[in-house]
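Taking it in order: structure first as structure tokens, then the write-up.
Letters A, B, C and D mark the chains as written, and numbering starts fresh at 1 in each.
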Amino acid sequence: MARKRAAVIGATGIAGQQFLAALADHPLFEVTALAASERSAGKAYRDAITDASGAFRWYCAEPLAPAFAGLMVQDAAKELEPRFAKTTPVISTASAFRYEDDVPVFIPGVNLDHDRLIAGQKRRRGWTGFITPVPNCTTMGLAMTLKPLHDAFGIRQVIMTSLQSVSGAGRSPGVLTLDILDNVVPYIPKEEEKVEAEARKILGVVDGDTVRPAAFRVSATCTRVPVLEGHTETVNVSLERAAAVDDVKRALREHGREFLALGLHSAPSALIDVSEDPFRPQPRLDRDREHGMLTSVGRVRVDPALPNGIKYVLVSHNTKMGAARGALLVAEYLAHRGQI
Amino acid sequence: MARKRAAVIGATGIAGQQFLAALADHPLFEVTALAASERSAGKAYRDAITDASGAFRWYCAEPLAPAFAGLMVQDAAKELEPRFAKTTPVISTASAFRYEDDVPVFIPGVNLDHDRLIAGQKRRRGWTGFITPVPNCTTMGLAMTLKPLHDAFGIRQVIMTSLQSVSGAGRSPGVLTLDILDNVVPYIPKEEEKVEAEARKILGVVDGDTVRPAAFRVSATCTRVPVLEGHTETVNVSLERAAAVDDVKRALREHGREFLALGLHSAPSALIDVSEDPFRPQPRLDRDREHGMLTSVGRVRVDPALPNGIKYVLVSHNTKMGAARGALLVAEYLAHRGQI
Amino acid sequence: MARKRAAVIGATGIAGQQFLAALADHPLFEVTALAASERSAGKAYRDAITDASGAFRWYCAEPLAPAFAGLMVQDAAKELEPRFAKTTPVISTASAFRYEDDVPVFIPGVNLDHDRLIAGQKRRRGWTGFITPVPNCTTMGLAMTLKPLHDAFGIRQVIMTSLQSVSGAGRSPGVLTLDILDNVVPYIPKEEEKVEAEARKILGVVDGDTVRPAAFRVSATCTRVPVLEGHTETVNVSLERAAAVDDVKRALREHGREFLALGLHSAPSALIDVSEDPFRPQPRLDRDREHGMLTSVGRVRVDPALPNGIKYVLVSHNTKMGAARGALLVAEYLAHRGQI
Amino acid sequence: MARKRAAVIGATGIAGQQFLAALADHPLFEVTALAASERSAGKAYRDAITDASGAFRWYCAEPLAPAFAGLMVQDAAKELEPRFAKTTPVISTASAFRYEDDVPVFIPGVNLDHDRLIAGQKRRRGWTGFITPVPNCTTMGLAMTLKPLHDAFGIRQVIMTSLQSVSGAGRSPGVLTLDILDNVVPYIPKEEEKVEAEARKILGVVDGDTVRPAAFRVSATCTRVPVLEGHTETVNVSLERAAAVDDVKRALREHGREFLALGLHSAPSALIDVSEDPFRPQPRLDRDREHGMLTSVGRVRVDPALPNGIKYVLVSHNTKMGAARGALLVAEYLAHRGQI
């Protein structure tokens, strides 16, 4: 069977590089176009990621595939995604369309039933393709772990503090060492609003052609720490119904069984791991488990300040499940469902 | 006037070294004894902090005073503090006595009226001295900032995540680079329980010979990050009475005026600073303000998940106000009150 | 064929842990005994690497094999190696016997012909086993790259500065974050003398029952930098005979062909890689190539200060080729030669 | 006496910010103009250092003086310095003019007698002002320590490896965390050539209207390490005449007595400190001594590989003595000499 043709937009950034690494010799998708911001446009990809000093800024452990190195980089812009969507499914890590009513924000194993929105989106916009973004990298681990709790016990309130790695900032210009070494930066512009809105939308329900967000309240504080990759989040949840710590762990561990049974190419063997070691999860030790597709949870315990309170810590790979590979897994699901 | 004789217990650790730096040529106190754990006992101080490879492990920017370098280090133990207290006021950074009913845990400018417990403590224990610990370094910034909110608006619930520096772990053996570089460690044994208990005790009220803890609920998650000094904390508070963000900022900024008016030797010019720059506070930039005696607050804003919710970020110097210099300021206050 | 029984001495340290990771399901060797320093003796291995706070200090990415977890740790000491050697070949990463005249210090692909010393060592000492240490982790990359230059052009002088990672310090107590974050430590006790002596011995020639060290002069400056694993070394060499940069690169790249043709289990596909990218090698990007068994060289260029001067930069994995896996490869060679 | 009017060119970078911090309320100089690259031109200084996310990127511990915050930033370019020099003395940290025959590259206390070139430079170029750059930040510590050795013993060969901090890279775009955390970068474009040429020029002798470089040979390897400020350098020197280690230390310690006796405003109390502690110098502990104006030396010992060999380690503050404050001290000297 012929592979589907795919374009990687934002191809020069960390997330885009991770996409190219994940897509090398992929059985379903073939990369035929690359796009990035204006300053990269018109160059061969290898030149676009070579900086002024001559340094080759390819950040993945895997080598850059020669076939990608020579591709001409096209000019991306915020008009680009809808232009593609007229004819082509767009699975995006950009935030531009995440907050449109008829656009589902997908997390694998969490809300893929929101794909019912796609038909309406196409109809209303007159597209034969569509746009389905994945969430912000910080929303990814949070919504992934909230979903089984919401399904099993109901959620009233969520309070989350993130300790985000520097790779989450992209490469343009990225986080300067002078800003973050021996330091914490307590603010990431627009991040908290994104997390608060996206988590409620992802756990919401489809109502006609749009999503009705979940009713619980979310409060996020997003900080940057000197970690290369992997976002750590401390999460405090007030549940609708009281739940024992063991029941919470079980719900987390059993999450996504049905989805995983599909055996999709980029899927991990489990969506969530729950550790009994109180010193875990740690971003350096846990971020790469299952090729960065696993959400590692630990320290599940009672929260003494919230009604029916539970708290835990999670680590999620921000540029793998939280970006490129997560989006690819969504694409694989949509291909499985015949949407692509 | 003759200076008061003082002993520094735990003198070889970071906190003890900071004490010695703060006490060099101090107008009120004269160091006449040093004590530390068994392995340092019997050595001159300079030898006790020289390690097996010959490295001189003095961690303060200020030089070690020659008078201290030659002092013989005595054997400390948990029985040491009460033995001293029979005759001598003990201001301690150790946790051993913090949870005794008749022992006040002091924070300068917050609960020094708890000194009313001292008379009862002496009477009940038959001591002419007494023990008054300062809190855990992580409690320090939290209770410091909760106090004015509790006084002005009442507090119902507190949820706190700490991003603690490596110096908070002491030097024996301290945090290994292999554990923390490019990483976050999500657990610090016994830390969360300490913070939860101490914050309520410090904001409690004296009732006869003991403290009745404050009634609000506290939930702490304590993590370690690769920062040398200065603890960062994200704090979410549900108030009893609704308060505008500006009123919260004003309460924080005005905190401690009366205490500061005493003009004690180690006191900062303000207890709490509130920044309007959303990128502050940061531990590397803010920890050393006012000689490490200032609690820096920023990002004061509405918490959308909690009733009458307010959230903010703070930075507090864990080995200065959060340990040695904070304890010294307590001592200065007690001297002013005639308790020493 | 039955697997050879093997003991791992110093099993609780980083190097020992790497040994256990490398030896899990190994086709030639079976671990039947573990030994470490006195404080670990008498405990099951899993308990010996669990610290006072309850943290499980296993530092490898690979899981600890259950068969090793339950093994009792025996008491090691400097008398241990000779006691084993009475009956058993000892391949050691410890320095105790490196400077004995009749003890070869092996580097795979460099001086394995020094195995001619083994018969004499056995005879003189009355052992049926023997001791062959691998060199200090910093000597490893240096001697590996000097060897082909010495063979092809002769070496007069070597000046080397190392930028060593923190894992090279072992775990007892290891390098404290407070010492190395945002810092360089310009001294590692006894390291420079080791490197200077070992490099000359390894490149020396067997003369009867002992090694006559190579005649060139070596000057080492060893520093510690905030890097987790992988030692970087800048090397300046004065050659006996002038050599073009391209000839030097060719000699480095072709090094070890014959040894590699043996196809030993732990051998990399090349001993030395020479990069044309001036920004390489870098420890984080290059340390794990070929399972940490490759020495990565870059920036080969003329040294303008030395006669027939050449300079370059190398990265070598200090706990893989520079310790456990390197020693294992030596053992595989000795088994191939019938010495084991 | 009226203060001299001064312009700071490159005012938005780290070095420029350090200049502004050093020049606040300076007794001799008054800042009346600021200039920087095109993208900052036309903005008030406070806006020019506020980035797209609203963050205020002022990196000094000292606050930005209000008088500077409102100054309009002018457009700088490489033509700027000669345009200024037509009428005004230009003390520059830029490299543009360092390699012109008639331009002295000044280091305080080292070669200020090169000011004899100034008259010729003015005459040949028809300027009433002149240009005198300070060297590259990495040359600074090297030439500072070579000077007394060259004067006392003569120098044949110098081999130097630098471990440079990230602040040496300026802020445009600076060193990304993703590039340097847990890493070493073994190449800094054009740095080694600069150091090799500048060191010989600075220690050269004035011959008519130009400088004749010193005859010794220099080989530099320049690397970047994860350190915020302060360059560490390992130096191996072959002397013309044999010298005992104690004589070398004495020459270093006594360096600059005459210059220091002038009592210039920004001068330290010593130019070079020599430590007997083998663990020093360290950049985090030593960079800020004497306001960053001291070159800290340690580990002075025999180099076994070079004839009459001596080796040592130095730490020099790259953005203080190695840039802004060093240039200011040059200016103070030139004012003292009547050149300004």
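In this section, a residue touches a chain if its C-beta (ideal position, glycine included) is under 8 Å from a C-beta of that chain, and two chains touch if they have at least 3 such contacts.
Being a predicted model, the structure only gives us computed values, none of them experimental.
Q: By CA centroid distance, what chain is farthest from chain D?
A: Relative to chain D, the chain with the farthest C-alpha centre is A.
Q: A-D or B-D: which has the larger count of contacting C-beta pairs?
A: Between A-D and B-D, the larger count of C-beta pairs in contact belongs to A-D.
Q: Express in whole angstrom the distance between the two chain centres, defined as the mean CA positions of chain B and chain D.
A: Roughly 41 Å separates the two chain centres.
Q: Using mean C-alpha positions as chain centres, tell me how far chain A is from chain D in Å, no decimals.
A: Roughly 46 Å separates the two chain centres.
Q: Residues touching two or more other chains, restricted to chain A: which are they?
A: 54, 181-182, 189, 226, 228, 278-279
Q: Of all residues in chain B, which touch chain D in the complex?
A: 54-56, 181-182, 277-279
Q: Give every residue of chain B touching chain C within the complex, in rising order.
A: 14, 53-54, 59, 166-167, 171, 173-182, 189, 226, 228
Q: Under the definition above, what is the set of chain B residues touching chain A in their complex?
A: 157-159, 161, 163, 182-187, 189, 196, 217-219, 221, 223, 225-228, 232, 234, 236, 278-285, 298-299, 303-306, 309, 311, 313
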